[in-house]
Amino acid sequence: MFYSDGKLQFPVVVETPDPLFARALQQAIGGIEGEIRVCMQYFFQAMGARGNPKFKDLLLNTATEELGHIEMLATAVALNLEGAPVGIKDDIAKDPIASAVLGGLNLKNILSSGMSAMPVDSDGVPFDMSHIYASGNIAADMTANVMAESTGRVLAVRLYHLTTDPGMKDMLQFLIARDTMHQNQWKAALEELGGDAGVFPIPNSHPQAEEKQEYSYAYFSHMLDAAPPEGRWTKGQSIDGKGEFSVVNSEPLGEKAVLGPARPNTGAQAEQL
Amino acid sequence: MFYSDGKLQFPVVVETPDPLFARALQQAIGGIEGEIRVCMQYFFQAMGARGNPKFKDLLLNTATEELGHIEMLATAVALNLEGAPVGIKDDIAKDPIASAVLGGLNLKNILSSGMSAMPVDSDGVPFDMSHIYASGNIAADMTANVMAESTGRVLAVRLYHLTTDPGMKDMLQFLIARDTMHQNQWKAALEELGGDAGVFPIPNSHPQAEEKQEYSYAYFSHMLDAAPPEGRWTKGQSIDGKGEFSVVNSEPLGEKAVLGPARPNTGAQAEQL
Amino acid sequence: MFYSDGKLQFPVVVETPDPLFARALQQAIGGIEGEIRVCMQYFFQAMGARGNPKFKDLLLNTATEELGHIEMLATAVALNLEGAPVGIKDDIAKDPIASAVLGGLNLKNILSSGMSAMPVDSDGVPFDMSHIYASGNIAADMTANVMAESTGRVLAVRLYHLTTDPGMKDMLQFLIARDTMHQNQWKAALEELGGDAGVFPIPNSHPQAEEKQEYSYAYFSHMLDAAPPEGRWTKGQSIDGKGEFSVVNSEPLGEKAVLGPARPNTGAQAEQL
Amino acid sequence: MFYSDGKLQFPVVVETPDPLFARALQQAIGGIEGEIRVCMQYFFQAMGARGNPKFKDLLLNTATEELGHIEMLATAVALNLEGAPVGIKDDIAKDPIASAVLGGLNLKNILSSGMSAMPVDSDGVPFDMSHIYASGNIAADMTANVMAESTGRVLAVRLYHLTTDPGMKDMLQFLIARDTMHQNQWKAALEELGGDAGVFPIPNSHPQAEEKQEYSYAYFSHMLDAAPPEGRWTKGQSIDGKGEFSVVNSEPLGEKAVLGPARPNTGAQAEQL
Amino acid sequence: MFYSDGKLQFPVVVETPDPLFARALQQAIGGIEGEIRVCMQYFFQAMGARGNPKFKDLLLNTATEELGHIEMLATAVALNLEGAPVGIKDDIAKDPIASAVLGGLNLKNILSSGMSAMPVDSDGVPFDMSHIYASGNIAADMTANVMAESTGRVLAVRLYHLTTDPGMKDMLQFLIARDTMHQNQWKAALEELGGDAGVFPIPNSHPQAEEKQEYSYAYFSHMLDAAPPEGRWTKGQSIDGKGEFSVVNSEPLGEKAVLGPARPNTGAQAEQL
Amino acid sequence: MFYSDGKLQFPVVVETPDPLFARALQQAIGGIEGEIRVCMQYFFQAMGARGNPKFKDLLLNTATEELGHIEMLATAVALNLEGAPVGIKDDIAKDPIASAVLGGLNLKNILSSGMSAMPVDSDGVPFDMSHIYASGNIAADMTANVMAESTGRVLAVRLYHLTTDPGMKDMLQFLIARDTMHQNQWKAALEELGGDAGVFPIPNSHPQAEEKQEYSYAYFSHMLDAAPPEGRWTKGQSIDGKGEFSVVNSEPLGEKAVLGPARPNTGAQAEQL
């Protein structure tokens, strides 16, 4: 069960409203790298967490924090939209600059939400909950979270360079710091789960005897007339410590697939029967 | 540019067609953990790769392999669908078992594709390319790939337990092995990029002086009346080696957000002006 | 069955084509507050209407009218797009204003539809028929319709303030009037179904003895350190006339949820078993 | 900012796991009538609330409660999935009943989430945040909320009739009661905003002199050879108290729309130029 | 503007309700081959039709007919759903056959629409209006329509083989006949537009001198170690009468693409700069 | 199985980066007329091809070519994005032209992909794989392909007119030529399958005796007070050579549809029972 005190986790101040920046901030709310994603991902991972309960607690706690980040960003979007032209008294019809600003907005931020934040990305595309990765495998979930916080911090840094507003820079410095923590936190969880050799290959509950092990550590090259790019992945011990990397020129092990003729009454052309 | 020899990377044999298993296999084609996802993700990451060209080569090469995995799985789906009831000569109307089989299918695999594979998941939901994570940051991309192969191998293992068909088990043993390799491969790429201390926090090009560092390694607790779950994330050196984990009871640093009244001509109620 | 006379319900005249306004008008076609939504919603509600047939007639009739509104708006979009730059003879490459106009468009209105309307919103997102609310409960459907016409009229008013074109203002004055009627019409249908006390709680066919009535009229407060916002919802008779509002500090009635360990062969990590 | 105590708002007990009921419950999580929808809708409405702050408080408070409802339902889904067949030891391959159960599931609840809840509906379709209606008009928002709770309670009642499990019936009795409250609460908010005559037509800030008032209360009949369905909507004072209902046979006020020829270089056929 | 007489274009009779067939019929309503698609496609093509007005009339007329097809199919779905189990009095909990039937449904047809049709496909996925192809090029539109009616008739034939109900077979015989007409009709429109030599390549307004004509009729072979599949496409005059087919082994005309290093402040890793 | 040589099929050169043109090019990657669509459509059609294997070879070969087209276009997008403003050193905050350029972009091309191509359309909407039409009927598939290449070439021509960059014009001249070939190629495949009289009506395996033949070649007129648009479709032999076109005034053959009352326990209002 959840509670709120109605306050912001960190102050949200906008000195000079910038409607175009409001549009950019929408990516941090409803983009695939945004805060709805992490909030809901940690929440649903918590809902499916089995095994040591501390991971469920960790997930639920961070989901709860992230909800407050959506709140901060939604406030920031509304404050930045204050500068948007919304009617003829704003002379947009005659003013090319105002037209450009209007044209540069997600129009839905005006037409659909009345100058407020929406759960959409910076191009007005609604967030789709299929992006909530909650696999039921605690280690796979942690890799998903490292990834989410990595792309999240990349996004926050890009936003940081698109604004000169001191309040917005402050808010982003806070959010970037939290992303630093969360990258480290999920990596720490993986370490607690056994580190690279203990965790990988995910799922570690599947006996490797049940895979075709001759292909488990082989780099298959599919490039014609070119050597494979040499790197840590072409030789030496594998990261999970369970094999040796090698390089193989990929060749088909199977034949051409041939489906039989179509069955009657399946809507095929007569020639296919 | 691309080429094909029209052959399968690994043999695809189905002894006893199982239409319900065909439905399950669809998740490995068009699910978020499936092969379209990895193929297109590595492809688009290659398209945006900057810096050392060997990462682009690595990505393009693996994308090319994955295309062959979609081919294998699509063949497997079609072969398993051979057992599906498609008309009255199959007596589905009178046979509750046949009805159950029909009811258990993605009907689109019959109605829409004529007993063939589709780019949809196991519940018939089409794959949506927003799942292609290609961030322009090579390390964030690698974390996305570790995650993709982790959830991918989890899925393959689940499929492995849903079939007793020897041909299908063989094919899945091959695919599970390739997922083992690819998990290791992307981890190896991260090691080559500097390992945990060199890579994190992602992006490493952003000076940490430009974040609120007092919050960069603090575990904020949002749980009422409960101690935080202790773990690697609550104390000791951070994983990136740049700070010390600590625990903080989260308290609001900001105040309640108050937007001003609505502007005229923005479609608000009169009471909001 | 349906018929057309090929004429517009109301004249659609554009004095000065404005491609950016064409983009805004798209929201009234393919936005969630738009005309495809109401047309198809009333249509599908009619298809599922049971009980007194006059509601089915009412729904089908209004669906038929709304189809004509899509027609008007699609015409308006095409006429406004006449002003869009489409090629080098329009000198967009060298003209920042033309670039801004082009940048401000849904590019698909040019690239995909050849300067015509599309079933997309003002940011180019296609309309998704999951927005067709047709519940099989006639009263719930009517509340959905009040809501659709309320957000629809809000949108029309916002559009009205974004144009100075007399033809467009005329057309919108007509559509705003129709939204006034339709808001009243669906409210009238609710009155005919029994008014607040007869209709609510929806569905009224479910005996309230089968709900936990001690929580049926209680305002649960989840705010820490803050009194609940007093209003009509905190005390007095409930709107449905079947209870008294009260205020309760929300406390958990349940315990922490604990799922068991993961089952074998479900792709979990070994630590979760 | 938000907090949690990690406990359930109401006990969630499942006596006999029923995987098919787990699938049905998914509709209450990720369906358009489900709890993610109300939670996020109230949250984003709060984010855009302007005017009297008590509406923002009301919205934020209820959003916070609804988050706990997702938590309850997600727990219920996981507990019901305990009965699902997941592997050959469950003999699904040979057992038509087990096959039917497996065929009746959202397979993603097994393949993708490992026997846990997902943010998808009962057919496995992910929730799409375009369903978050937050218009910036407080009265339109309240009509959206009445609708959401109406369809929500209809859904909960349907679920109630699909289970015989006492724990599930209990939980649903609680949720049905909360839907009763929330229907009443949002209706109460509309009453506080002025009731039907004060609130409608929404938005009430737009002067009706700026609409074509001759069409504002007219029922347009589009049915050939049939009288309009008589009702509260065909005569008498309008619900908003600002007009009289009348009936009009709808006739086109406009002419046939004719777009000009296609412009050169717009990809039309030569015949269209 | 549109009108209705409230009657069905063709009788819809269901002798024995079959909920699983209701699910299959949903594909003909909300599937990509279904009636919403053709209705809305012809409607929006009409909205963007330029040039000879008879094509606009043809499109609008057929759109109007198709609306009546949705009406027929939606009625058929509701009538077939009459047989669905909806509660404990239906003993689904104890009856494996009833469970199988319930499991075989789109649950949303019960939970979300109350035993009525929805604008979704046979797996419950909502129709998405991006499938409305209306290009602004009249010949491209006609090819889209030939395709829509081709896949539509394939679907109708498949449905025909999934039912033994005489009423349903009758209705489908009517719809299949209409698809025959519409395939012919759109082909006839292409003939009127000039036939293959006049129409192709689409758009015919673009001078072929402005394309790389050496590649305009060449079959590029991308298969390794395999001759191209010989056919009408490898030699002889091209279908548009403007060239001769030839076969070419595809070889790269370009070099490896190399993007420069990442720009500063774009969120890349330091190694990419 | 697939291979690559890492080279571009045709040179991709950008003399003057134009970020707005990058946005337009996105339509050719992730738009419904774009290259992902044709690539994946031909691929999945190949996966389901039954009957004469040369069609499978033809499809797979062309899919392989199209993958190289995505590669070319993605390279072109990245090169054009080089001109985009990404930070304060670009002075976008103070420069209205830079703001207009930024506003005219898909912001995700900066925020989400770091100045690279994405699998989205020109308005930032992700490609959705439901657009992959692969019906299992080889002739229906060929009509889908003619349509795809027709809308594809229309798009390429529109893009051609939006740029003055010589490198981009060159690349588009190549792609337009390939679309010419592919239109002809799929038309040639239809000819090989029997031409209009052999192929239509699709599917040709369904005996026309099983359709209501009196309606198979009748133009139904739904227009009130207007003669049908005369054309090849109103009289003369049908295109498939199996009937004669005629004109019929459409009249309802069925009655008004009446569903029975709602069943108990289905969540209807009491009035509907």
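For clarity, chains are labelled A, B, C, D, E and F in written order, and residue numbers in each chain start from 1.
Simple rule for what comes next: a contact is a pair of C-beta atoms (placed from the backbone, for glycine too) under 8 Å apart; a residue touches a chain by one contact, two chains touch by 3 or more.
What you see is a predicted model; the values in this text were computed from it and never measured.
> Tell me which chains count as touching both subunit C and subunit D.
A, B, E, F
> With chain centres set to the mean of the C-alpha atoms, which chain is at the far end from subunit D?
Result for the farthest chain: F.
> Using CA atom averages as chain centres, what separation in Å is found between subunit C and subunit F?
Distance between chain centres, rounded to whole Å: 28 Å.
> With centres defined as the mean C-alpha position, give me the subunit A-subunit E separation in Å.
Those two chain centres are 32 Å apart.
> Listing for subunit D: what residues touch at least two other chains?
Residues 1-9, 32-33, 48, 53, 57, 60-61, 64-65, 71, 75, 78, 86-87, 100, 103-104, 110, 112, 114-116, 120, 123-126, 128, 130, 135-137, 139, 154-155, 157-158, 161, 202-203, 206, 222-224, 226, 250, 252, 259-260, 262, 264-268 of subunit D each touch two or more of the other chains.
> How is the touch graph of the chains shaped: line, ring, star, complete or other?
Basically all the chains touch each other, so complete.
> List the residues on subunit D that touch subunit A in their complex, please.
Those residues of subunit D that touch subunit A are 1-9, 30, 36, 40, 43-44, 47-48, 57, 60-61, 64-65, 67-68, 70-71, 74-75, 78, 112-120, 126-130, 132, 134-137.
> Quick one: which bits of subunit F touch subunit C in the complex? Just the residue numbers, please.
For this pair, the touching residues of subunit F are 18, 20, 23-24, 27, 31-33, 97, 100-101, 103-105, 121-125, 154-155, 158-159, 161-164, 222-226, 250, 252, 258-262, 264, 266-273.
> Under the touch definition given earlier, write down the residues of subunit E that touch subunit A in their complex.
Those residues of subunit E that touch subunit A are 154-155, 157-158, 161, 265-267.
> For the complex, give me every residue of subunit D touching subunit B.
1-6, 48-53, 86-88, 92-93, 96, 99-100, 102-104, 106-108, 110-112, 114, 120, 123-126, 135-139, 193-194, 199, 202-206
> Once bound in the complex, which stretches of subunit C touch subunit D?
3, 5-12, 32-33, 53-55, 57-58, 60-61, 64-65, 71-72, 75, 78-79, 82, 86-87, 89, 110, 114-116, 125, 128, 130-131, 133, 135-137, 139-140, 143-144, 146-147, 150-151, 153-154, 157, 160, 170, 173-174, 176-181, 183-185, 187-189, 191-192, 196, 200-203, 206, 208, 210-224, 226, 228-233, 238-240, 243, 245, 250, 252-257, 259-260, 262-268
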